[in-house]
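Two complexes are shown next, each including chain A; its partner changes from chain B in the first to chain C in the second.
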Partner chain A sequence: MSSATIVRVALGAYLLIFFSYLLGPLVVMSLTAFNSAAFPSVSPWACFSFEWFRVLYDDKHIREGIYYSIIIGVGTVILSVSMGLAASIVLTQIWPRLRSTYYTLIIAPILIPGVVLGISTLVFWDRVGKFLGATDGSFLHDLFHNGIFLTILGQSAFIASYAMLVFVARLQRFDPGLTEAALDLGASHTQAFRKILLPFMRPAIASASVLAFLASFENYNTTTFTIIDYKTLTTVLAQKVRLGINPSISSLAFIIIVLTIFAALAFEASQRNRQRKEAIKQGKQKSGSKGFLPSFMRGNPAAILFVLLACVVIVMISVANSYSAKECKVRVREARQIEIQQRIDALKKARAAKELANPGQSQAPATGDKPANAPSGAFGNVFDPNNLTDETQEKETPGGSGAFGNVFDPTNLNNDE
Partner chain B sequence: MKKKMIFSEFFRNNGLGMGSLLIALVGFWLIFLIVLPQLSMLDYSFRFNLPPAEQGGPKDFYTLSNYEHLLYGSDQTHQTYNSVDLMVFVRTIIAAMLVTLFNIVLCYPLAYFLGQSKGSGFVRLLVVLLIIPYWINEILRAFALRIIFGESGLLNEALMFMHLIREPIDFIRQDIALYAGLGYAYILLMLFPMYNVIESLDRNQIEAARDMGASWIQIHRRIVIPHAKPGIVSGATMVFMLTAGALAAPQILGGPSSLWFTQLVYQWFNDSLNWQQGAAYAIVLLASTIVIVLTVMRIFKVNMGDIGK
Partner chain C sequence: MSSGVAVDLENLWIRFGDFVAVRDANVAINGGDFFSFLGPSGCGKTTILRSVSGFLEPSEGTVRIGGRDMAGIGPNKRPTALIFQNLALFPLMKVWENISFSMEVAGVSAGERRKRADELLDMIALEGQGDKMPSELSGGQKQRVAIARALCANPDVLLLDEPLSALDLKLRQHMRTELREIQQRVGITFIYITHDQGEALTMSDNVAVMKGGVIDQIDTGHDIYDHPATPFVASFVGETNVFRGKISRIDGNQALISTNRSGDLLARITPTQVGKMSVGDDAMMFIRPEALQLGEADASAKTTISAGTVNEEFEGNSFSVFLEGDGGKSIKMSVPNVGQDNISVRGKDLSLHYDANNAIMMPAGELASD
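The block that comes next holds the complex of A and B.
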């Protein structure tokens, strides 16, 4: 039996490692959104604050990026879902010998690196413009060098493959006899498509649209080449992150994470609810009316979590409107000043004590309350008081090997005085 | 002759209107979005970077010079190799392979666990937890890792707090952050195909093997892995292609001195404005990754049809 426990412990440890690798960075990033420090960090925690959300909200580029991302997303959804649907219908009817070649062709865009797709789209439409003799400033030239137009085409090239996969899975359960029956009863092909196939595909169309929109919204590799002089949210973010990071990006990430969790919980809750209703319909489960929870939450942890999370978010927003980190910031600044002052005082005391003693310098420094030498600390031994006195003796030595160099070296401060 | 018959049958099945709409949509996608753009990029890569006035003139003929640049650099005599770009290329391919292997090893146990323990609430919770990071922007995920791996980031602070190190480690310059970020970026594309195939494995097979006295390793080697092979290869293909073609993670997490091959392509396009050279590099990337993927698929006897399931 002990081997079973070993397996269980190993499994637990493995799950813990896997999920902390997957979720840990997101948690840390979310936390940095609430730290008032100008560099996104958690460990020297300054103040709890909502100011980065304000900075984010005021950021014109990000708002513009979101706007264009949505436009491009909608265009991509329309184009890629219709192409994916058409491709999946053709796949069910194509000549068997052509089938595998055709499937390779329509699945290939998933495997082509996004960079390559972006470049080829850019190059191809530039070429088409030249071929059609479009001159600078003409409508066609502008269209073929328009970032939104090119990005929709470039993204649809591979997002249509994702949509196609969703449709193929659903089409496998479609009974072609239904369409044939409709045709026999005198429906036209268009009618049969609209009245039979389309309603059957509706759930798949919905999920393919969501998938396509999200894929478009977060695409970077293709977009960065095809967008030219417009910007989407991802290109704005990439530029910001590369130029210098600040916690307003964390706050955006936090908002996206919360929205994602909401969506996931809502989906899970509605599925459970449907399952439960079906179970009740089949008489497997009593619809019992006991308990104080409303019916949609009963036996449905996802729904309970959803409501709880919504409450937390509402509380947070209302707190954010009234809460101000000003006091805390003042306190942090004061604390830092006091700390610096103390260090200056200690230094002065040490110097005075040394002057009292004779110039024989090899002796231990005079002030009594010194900690033992522990050079392995986090800051090297910059803060070690022994170190400070040594440096005052040998004035210009470039000491301080710790994390902060000798920024906090009191000699620096003293020289300023 | 045969093709005509197929087409007529197709139109008989779908009607003229619907049939031509379907053909038009699929044709537009395949021809104008996939095949012709790739061909025109290929064509571009064999041309010189000429000012607009000279295009189509006598100087505009096909050349291999863009490909020679990758091999020999700007050296016209072909005496020395372009070691910088070639090193970047080799490093990209090898690192992408290692990242793929790392993802297989890390995902297999979880896929097995999720696939074989059916339906409990805990497993459903885990699946929901897995899906959440999948919808977070690639750039934001790279940003999250940068916060952790930065010089005064969480990891350095934690290690120094525990007295494991005395000075901060520069994870970014040593590319540790880059590899962690690449491994992180596409891990779920490895997990889900694996999970899908393992879920379809009949548990009775495993139990039968166990009853017959098969060891733990034998069960996996003889039963689970052969069954999961299409899923593993499909996930590995996607992870490898996406890692080799990644741009965001190297731009954000890469050290200042180390480049990813896609960054070279990006530089040719956006900094040097030499589209022809960039197209040649992109073709090299595309061709070499496809060759590698097809070789691996041939070795493991997996069909293209298994991809994306």
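The block that comes next holds the complex of A and C.
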């Protein structure tokens, strides 16, 4: 085997391990969503079932959690994107000498633990309320103790820094000469910002918004302090895990995974479609009227995958509506009962056989005073099912009274007859 | 051409901290002139332009446009339009939107803007290209779009910051002519910044030569070339040969310089220095390569240089012959390529002579590219 082949095989193995490490848990979790067993598991496989999706849909807490998560997510996007944009513009305008200090200051919230941000948000706005003289029941007091308000502020405190990093990267490619050109042509500063800088920043604003929404949606450690009497998806899930989970959470995970894949494929497909149109426009590529695929899917694997996945999901939903796991469940329950019965029978049989072979076994400690004989099984038969029944007899026998049938009794070594 | 608006700079100083970028500049630009600031990079010419366009407030002195003091008036309120070195076309707007941007911010309707943009596209010979994006245009086309965009704002003064420096040689020469034509057609004042003396000399009515924040000379291109005021101007504009030495005799507007290697040489004193130089002063004498001719003058004229040939170069329209000169520098002489098949003079000793009126004498000073 040449060294190149070895390298290739090793690389393949590495990639396999890497991706199973990354995606394995997601696959297993998705599978548990379709198992009818009440605890999320893949084996033993009970029945293929969609019931956990129904359970999820019927769960009022999760529905409310998602609703508030979305509201908070939208609020956080608006607040953190505008703060991040402002911060990044200031970074380009500030005196060069102050720039690195300013940058450190503005990036610090990312380094502060979310827990600290959560608690400090809570405390700070309470103090602000007190300082402004907000009394119990007044509007300001209610606002500063409102879970949604505080969570949006608390999350934006650090998500704005993430957004700023996205904007700074884009702004570095902005030619400040463009703003000057706009001013020179008679634009006011507002017009120059709105007509020149903002359109340039649009892609960055879009990606920062997605980033901010996702960061807000999945945030737990800040939210758990600031949410007070509201709930978000993450806090609901955390409560559920504490009280015992069922596969409806897996089904939620499955839905989120599918939505993510959909969004990624849609983005990729539209991107490729645009590149292709550009190429056709510049005459580098023929529009290619041949082929049975519709034009937006031609030479665009992402679009094809997207359509395939959409078909799979549609089939799944229609199957879920007609399919019932009832029959299977009955079968499984019967099989289970039979199995349990068999196990009980086997146990009974084993005990009967044992008693037949050694009829005086349970009385042995009482008749003989040789303790070395008495504990015949491991641990001196303390786990023998008969132990509890003949309590009285055992009390009289010094040999079998202690744990492990007194094998560790110091006198044991003396009676070696 | 008196239709345009005049620009006056008076005692203009511009400082950045301790650094003086422009030192006491006094320039009067006539209305309708094509005026160039010429100088090496870092000489402060762009700084002057930015103070005219309003991006920079002068530390001292005044900028007047059409007689009006511009202090405190922002770039968007001044009757100027600037063409940037990198053109600064708006990459996300179509060509016609770029051109009519100044109308858009003034609130003009889209239909009118489109009409005006199409007129300007006709003027710059880009008919029907209005719906393209700037990235789809070639360098020369972008250049013309930038000019059209600036003209669309109906400025009184058009400022151009080395707009041709990014183009290749052929296109640059073509655009020179085109710029000059546009300027004559619209009749407004052009202020042009360049480090390329060819651009300045071919296009301008008047040229200001700058060095280290100081304006050395303001004159027509012709006068700058023929009658440089300082050693810097003489050596920066065009090619020239320098001879250093001490003045040994002054005779009216002519002076004799004694050099180490080439003996005594006679030259005319530059107009501004007549009567100011005296025997024994350190002086410099400049002769253009094209002013040197093969052959000897009579001995009394003191206009003959004898030297060994070091190298020669064929340049198409002329030969350049390099001879041993003073202080390790060679003397360059230009021989027109007319009727000579092969004049290889490599390794020979040559005698050159010149007309004393074509050689200029002035006090020693700083040269360009020293």
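For the reader, a short list of remarks on this structure follows.
Everything that follows uses one rule, which is that the second predicted complex is superposed on the first by the 338 of 417 C-alpha atoms of A that agree within 3 Å, B and C clash if a C-alpha of one lies under 4 Å from a C-alpha of the other, contacts with A are read in each partner's own complex, and residues count from 1 in each chain.
By our rule, a residue touches a chain if its C-beta (ideal position, glycine included) is under 8 Å from a C-beta of that chain, and two chains touch if they have at least 3 such contacts.
Fair warning: this is a prediction, and the values are worked out from it, not measured in the lab.
Superposition note: with chain A as the common reference, chain B and chain C can be accommodated side by side. With both structures placed on the common chain, the touch criterion links A:Ser270 to neither chain B nor chain C. Legend: residue contacts after superposition of the two complexes on their common chain; A:Arg242 is shown touching chain B, with no touch to chain C.
Using the contact criterion defined above for the overlaid structures, shared-chain residue A:Leu105 touches chain B, although it does not reach chain C.
Put chain B and chain C next to each other and count what each touches on chain A; the higher total goes to B. By the touch criterion defined above, A:Gly186 lies against chain C but remains apart from chain B after alignment on the C-alpha atoms of chain A. Of the two partner chains, chain C is the only one touched by A:Lys195; chain B is not.
Contacts of A:Asp175 after superposition: chain C is touched, whereas chain B is not reached. Superposition on the common chain places the nearest Cα atoms of chain B and chain C 8 Å from each other.
Put simply, chain A uses residues 188 to touch chain B in one complex and chain C in the other.
Considering their complex, residues 175, 177-178, 180-188, 191, 195-196, 199-200 of chain A touch chain C. Chain C meets chain A in the complex at residues 53-55, 74-77, 80-82, 84, 86, 88, 90-92, 101-102, 104-106, 149-150, 153.
By the touch criterion stated above, chain A contacts chain B in their complex at residues 11, 14-15, 18-19, 21-26, 28-29, 32, 39-44, 82-83, 86-87, 89-90, 93-95, 100, 103-117, 119-124, 127, 153-154, 156-157, 160-161, 165, 188-190, 193, 214, 218, 220-221, 224-225, 233-234, 237-238, 241-242, 245, 249-250, 252-253, 256-257, 260-261, 263-265, 268, 301-302, 376-378, 380, 401-403. Across the complex, chain A is touched by residues 6, 10, 13-19, 21-23, 25-26, 28-30, 32-34, 36-38, 40-41, 44, 106, 109-110, 113, 121, 124, 126, 128-133, 135-148, 150, 152-154, 157-158, 160-161, 163, 166-168, 184, 187, 237-238, 241-242, 244-248, 251-252, 262, 265-266, 269, 275, 278-279, 282, 285-286, 289-290, 293, 303-305, 307-308 of chain B.
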